[in-house]
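Okay, so subunit A shows up in both of these, paired with subunit B first and subunit C after.
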Partner chain A sequence: MSSWKVLLSDYGIIFILMGLIIFFSVLTIEKQNIIGAAAGIFLAKEVTQSGKQGKILLVTSESLDDQDLIEAFKANLGSQYQIIVVDKGPPATRNQIERDIESGDVPKMIVTSTKVSRWLLFQDFSNHFPELSVVSMINPQSSKGSNFLKRENLLNVADQIAVIAIMAIGMTMVIITGGIDLSVGSLVAFSAVLITKLIQGYFGAEAATEFEMVLAGLIAVVMCGLIGLLSGLLSTYFRIPPFIVTLSMMLIASGLAYTISEGQSIYHVPDNFVWLGRGRIGGIPVSVIIMIILYVIANILMTKMVFGRYVYAIGGNKVAARLSGIPINKIVTIVFTISGLLAGVGGIILASQLNSGSPTYGLAYELSVIAAVVIGGTSLMGGEGKIWGTLIGAFIIGVIQNGMNLIGIESYTQKVILGILILIALIVEKARKRS
Partner chain B sequence: MSILELKSIEKSFPGVKALDKVSLELERGEILGLIGENGAGKSTLIKVLAGVHKPDSGRIIYGGTEISIPNPSFAKKHGIGIIYQELNIIPGLTVQDNLFLGSESGLGLIKGENEKNKALEILDTLGANFKLSQYCRELSIAQQQLVEIAKSLLIDINVLVMDEPTASLTGHDVEHLFKVIKKLVSEGLSVIYVSHKLEEIEELADRVFIMRDGKHISTKDKNDFTRNQMIEEMVGRKLESEFPDSVSEPGETLLKVEHLSYKKIISDVSFLVKRGEIVGLAGLVGAGRTELVRLIAGAEEPTGGSIEINGKVAVIKCPADAMKEGIGHIPEDRKDQGLIIEQSVLENFSLINLRSHSSYGWVWNTKLEKKLGDYKKQLSIKYSSSLQKIKNLSGGNQQKVVIAKWLERSCDLFIFDEPTRGIDVGAKYEIYELMMMLLQKGKSILMVSSELPELLGISNRIIVMKEGHLVGQFDDLTDVSQEDIMQLCF
Partner chain C sequence: MSSRMSMKSLANIALFGILMIVWGCSENQLKTSKGTIGITVMSLSNPYFKELAEAAQEEALKFGFEVIIASGDFDPSKQRNQISDFITKDVDAIILTPVDSKSSGVSVRKCNEMGIPVFTADLATSDSLANVVAHIATDNYMGGRQAGDAMIEAVRSRNKKIMILDFPPAESCVKRIAGFRDRIGEYNLANPLDQFNIVTQLPCDGQRDVAFKATSDVIQAHPDLVGIFAINDPGALGAVGALEKVNRLDDITIIGFDGQNEGKVAIRDGKIYADPIQFPKRIGRQTVQTIMKYLNGNEVEKTQLIETALYRQEDGLNDPDIKDFH
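And now, the complex of A and B:
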């Protein structure tokens, strides 16, 4: 009971996410057709359950989905059936049926895919072929379902938000120490340009090996880490406010990205470069797996390790932290370095997703990242915040964007709505905290 | 006839009855001393007068007519001035701008010569030694307080409420403030004076109004009260004595400070602290006491001199160095320097003990929690859960948590800077007892305090500082009086 209360007060924002999911799920409910292998299995079951034996006429189109249907249908049906497949369109189907009628060997059942069942031929079947009025027609049932809740779409949401979410880990730590990192958006561009330029210019472009691509990626991430390190050193040992330091770094990194790429997009990368951004392991996008692993590590770091305690202490009360012997400068510098490294990781994932590198990538990402962190309940004053909260915050942004795409809101309007929804999320959160 | 009368004021907050049928009468031209422990309801009562809180029931009669005070500007307009403990002075504005803040004319323009002359006149009455054009950040706390008083006087007030006005003042600043208050009262002003310091109440107040647990306990003429009676009524039980008896026998020298200097603030200070003794550091605010102990605690790096611990030279450049030498520092401002108030009791307790309770960076939380539980029993700290935010604990219990964390760190020298500031009378005694317990364990204490009775009550020896120098030392306190020490301070 009490642990529920803690969960509620710590992650109340999760209810906002659930609300949004329900909202978009309901709005995107549509008739869902069963297609492909699933349809094949469904039809085979129907046939078996009908109890009829003998000849089956299976009519489909030539599409890939329907070829899957045919295969699955055959595989799931016993050998006692004689299956004749027609997949060459209405005239061929009519010919086949007429031939069957002439020979007197009419099929016991006619099985079709959803699309085919809508052919005029079948819509008006008993008029066309009164001889076959006793033949049963079997086609896949359509059911109502939500486009938003489709497995594919949910994975899409996670995939699309992965880059922002990964960057937001570093930003959460920076903001908890009481700082801010404006350079992450530019670091994405810098990292994306660097990895693609290295592959194109030094590792043989399309002929680059996997090892070389990994090496290029490591170099890009480490370079971003070094820029983060520099931000950290400047804001601690030189005592320049992080806002100014990272604003400068934002300009520097963006400028470097344009210089390295000469303002052009870089396309000459091997075909398997897209694995990181578009590949899947066990059906789950690689980028999403990386995101989850990073979140687990970050959560352990922030809640179970000395490092995390120090980060919270510094943001909570810098003076008290110093008097407690905490190496403030060191910790804050490490935090900025982590933020840089993760922006670098975001950059190579984005480059892989888009199969290219360009200095225009990551534009204004820092704002989405900060929004995700703040929606997730991290205080801009420092000292308060949760890693999981940030993940939820990122997903709120992802769900809103995806949901609006699905219900067909145009992208300019989306921006306005996104801004308003972020404000509403924060107002709800504040009101909940007060009560 | 009374200027202000409160009748059966009641005010509840969720779970607390902050004011329980409190009635108060304030005569014209009198000073009413309002005392009570933290949480007794003093602040709520003030806020009802200020229009910050609306009472649930009860009546307020002001100048013969019944009124209700809906908001702070109403109180101000009708001549009830409030000066809070935290001054509402904006450092980046001049004295003049601060004085007229909130009462500028419609377009935000500053008022003309008439107002300026009036302001000058008031500052003159208050004996202010600063100009209207000076920025407030250049002023001392005492001067800022005068600005605050002048601000309320600008609008012809009848009643002035002052909440702990001397909390950050010492010596002649306090005396000057008292002179000002007495003068204003002789001109017909009525004052409600809230303070923890009973000697101030004894000096200033005509009558004493005592509160406890949201209730009015008693009001008597000052002369009908002894100090102990006041304390007993505030605490609600009999007090044997204000200070526990010292039981320890000082042993070997633990800390030896020689010719310590820091910029122009500390010059050539030498003294020593033995095992099992309390050395009190006396002096005025600004005499360099806090700066001196900060040097020993590593908060600042000395520019000259040496520090020896157990006969060995200790190089202390940062707080971590001092902690390694077994020095624990309990700063004067718990809220700003000692604690992370938004974090839990456990987190505050563990902060300096993470290294010894972790391996490869992994924190052993259950072990820390068990340790904290042990101290909770040993020091009788009151909190409901180790995950409770420390800001919700009373000052006394916060201080106990701080002591517990340094005990766990097993340090030998405890540096207390104003150990009982903002702590209730009853809880003070417990803190003193804890300090005695530290001595019995062979620990030593170096204590900065602005409260002379406290210094004399629990120290084994006292050293006095003035303007960064060590100006005197009392090794035997049997015949030393507060006056003896004060004389060295000035």
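And now, the complex of A and C:
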């Protein structure tokens, strides 16, 4: 076989992902605003070129981008201009202009960010202020670009899929051994409720220190790991099918989450609790960094270590695995424990992203997780599958959901399309394997 | 080999077809609109929120605005993603009916950072750091008191054992129950010899099946129950079902909340005694009007409460808007 065929057969699924990315990139091409400092510099240049002098009213929103715009605008404009900044929303802007009209000291120019220029106040400016029709309005031009391909949106997709993708690592291992873990969605709720409850009830709520939050997180993750361990022990040493064991665990974990939280959201947590879910390191969301680190570790574990070989062997042929002396029960139990631990990690990230814990979190997540694993090329029969394939599978789901939201497809239609696309991905995958 | 190839190409053709459908569904909007409003509600499967969202859409169209409607489907994380997608689309305003009062604050803060004004409709965000321009909602506390009035009016027996079906995660439902309990408490103070006894308060999640089970169980534990207050219509209808099953509907008074069509039908037919009804369409319209006022640079009121009205059987009999489905 030529090398591209090997590549295709190993990672055929990646082409589906790329196809989807191209598709949504083209469909979401829209006018893009120049924002931030670049907009500020552009506006300053426009003002200078206009040759006008005197009072300038600079109107922006309170957004961080617009704060950069204000700074850049001021820095790039000579001192002969008197700049008045309004960044407190349309009513404040109107007040300012009306006050100026009353005092007779009207601005020579009104400069705005693109977002602000779309306020009805400015769209219908001459109707609102007929007496000011001579004032010149300046706002940054916009260029064409793809909403989907915006850096912020791509990070957004990665961030949205991080929790599912992290859980899918454990699920991949479980499915490769020939098992299934239905409890992960409930474990997310259990973990989210546990960490927030510990912080609220035992670590001083809003006054909790970082150390205490980490401790609460560790306890939550370990508890989920223990539930996973229990699933593993029950399905190996007691020979109960994993489907039934984890179905029971799903009920137990969900019930515990509702009991601990008394059915309410728990939200008395310190402000910096959101760091894990919303924080960034070098511009990249922390949740995404955690996801990548976990994937790298899992990939090493599954491809370079004895443990990984055992996992594949058990799923491939249990009898042969037993005869060759692989400690099947021990390995399967470890795999379920890992799945539980990772669901716990997913739960604390979700709690942090949403700044609270609630027993309703993680609803039906096990289905998305299984879908990601299967799209990624792991066989439900066990024995084969790739960790990286799962990550791509998770991204396919994330890209489809995000793309459909961006082009404004109704939620219910989205479900149908997502279901069909998953089926098609699987058909393509099957056809590829046979040829 | 050829059959395999055809299977593969068939799949590829199907994929292409689906993508074309997706493309067809995406709005090929002419860029004449004055702006875009993103709406995400708790769930479109509840007719109440569907009416709210559609009334808002209608109203926005009048002003030349486009609307994107999303359904949070009771999943806080899903709703969070919808809001971040609104931000990517750079909408001009967001109408939010939070799935979860507490966790939605994170998304609202993100909108604040991006300079997109947020308006909450029906349900509020309870995060002191999240800045919402205006909140337009039913006066749930007063509505709860009206439900109490109806209960007092309907239950005349000496025995006054009643139960509440609640939904603690929703702030609005918590307020309804506070209003109800306050009104009942006042009655009990004024009539010490003829007091109501709230025997239990159970979660029904605002959903019919959960309310059905909870009610079935409670009438086993308290066979002499005379009244049920459910925080919304699906909850009340679940209770109706449970009582019909054991033939107890005639001697137990049910008070609902909302005034959805199905609830109104049940009131007309005498199955539910009364509802403090809300006006979701009015909430939707007033929210859009508030947005327009704001974008035009006018001051808007931070909290706008819309009163409920008690809806009894005679209102149902004279209501031309009730739709029968059978």
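We adopt the following convention: the second predicted complex is superposed on the first by the 331 of 435 C-alpha atoms of A that agree within 3 Å, B and C clash if a C-alpha of one lies under 4 Å from a C-alpha of the other, contacts with A are read in each partner's own complex, and residues count from 1 in each chain.
To be clear about the criterion, a contact is a pair of C-beta atoms (placed from the backbone, for glycine too) under 8 Å apart; a residue touches a chain by one contact, two chains touch by 3 or more.
No experiment lies behind these values; they were computed from the predicted model shown.
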Inquiry  = Output check: A:T112 vs subunit B and subunit C. Expected answer is one of first, second, both, neither. What do you get?
reply    = neither
Inquiry  = For A:L406 in the superposed arrangement: first (subunit B), second (subunit C), both or neither?
reply    = second
Task = Identify the partner contact of A:A313: answer first if only subunit B is touched, second if only subunit C is, both if each is, neither if none is.
result = first
Request  = May I ask you to decide whether A:S191 touches subunit B, subunit C, both, or neither, giving the answer as first, second, both or neither?
outcome  = neither
Ask   = Looking at the overlay, what does A:L323 touch: subunit B (first), subunit C (second), both, or neither?
value = first
Query = After lining up the shared chain so the two structures overlap, which partner does A:E384 touch, if you call subunit B first and subunit C second: first, second, both or neither?
reply = first
Ask   = A:Q200 contacts which: subunit B (first), subunit C (second), both, neither?
value = neither
Request  = Quick one: classify A:T236 as touching subunit B (first), subunit C (second), both or neither.
outcome  = neither
Ask   = Who contacts more of subunit A, subunit B or subunit C?
value = C
Query = For A:V428, is the partner it touches subunit B (first), subunit C (second), both, or none of the two (neither)?
reply = second
Ask   = Where on subunit A do the contacts with subunit B and the contacts with subunit C coincide?
value = none
Note = subunit A contacts subunit C in the complex at 16, 19, 23, 27, 31, 33, 60-66, 89-91, 93-94, 115, 118-121, 123-124, 128, 147, 150, 152-153, 156, 160, 163, 262-265, 267, 271, 274, 277-278, 350, 353-356, 358, 360-361, 363, 401-402, 404-413, 417, 420-421, 424, 427-428, 430-432, 434-435
Remark   = The answer for subunit A against subunit B in the complex is residues 304-307, 309-310, 312-313, 316-317, 319-327, 383-384
Request  = Would you pull the subunit B residues touching subunit A in the complex into a rising list?
outcome  = 297, 299, 318-320, 322-323, 329, 331, 336-343, 347, 350-352, 354-355, 358, 361-363, 365
Residues on subunit C engaged by subunit A in the complex (per definition of touch) = 1, 4-5, 7-8, 10-12, 14-15, 18-19, 21-23, 25-27, 31, 34-35, 44, 68-71, 73-77, 80-82, 84-85, 88-90, 92, 99-103, 105-106, 112-117, 126-127, 129, 133, 168-169, 203, 292, 294-300
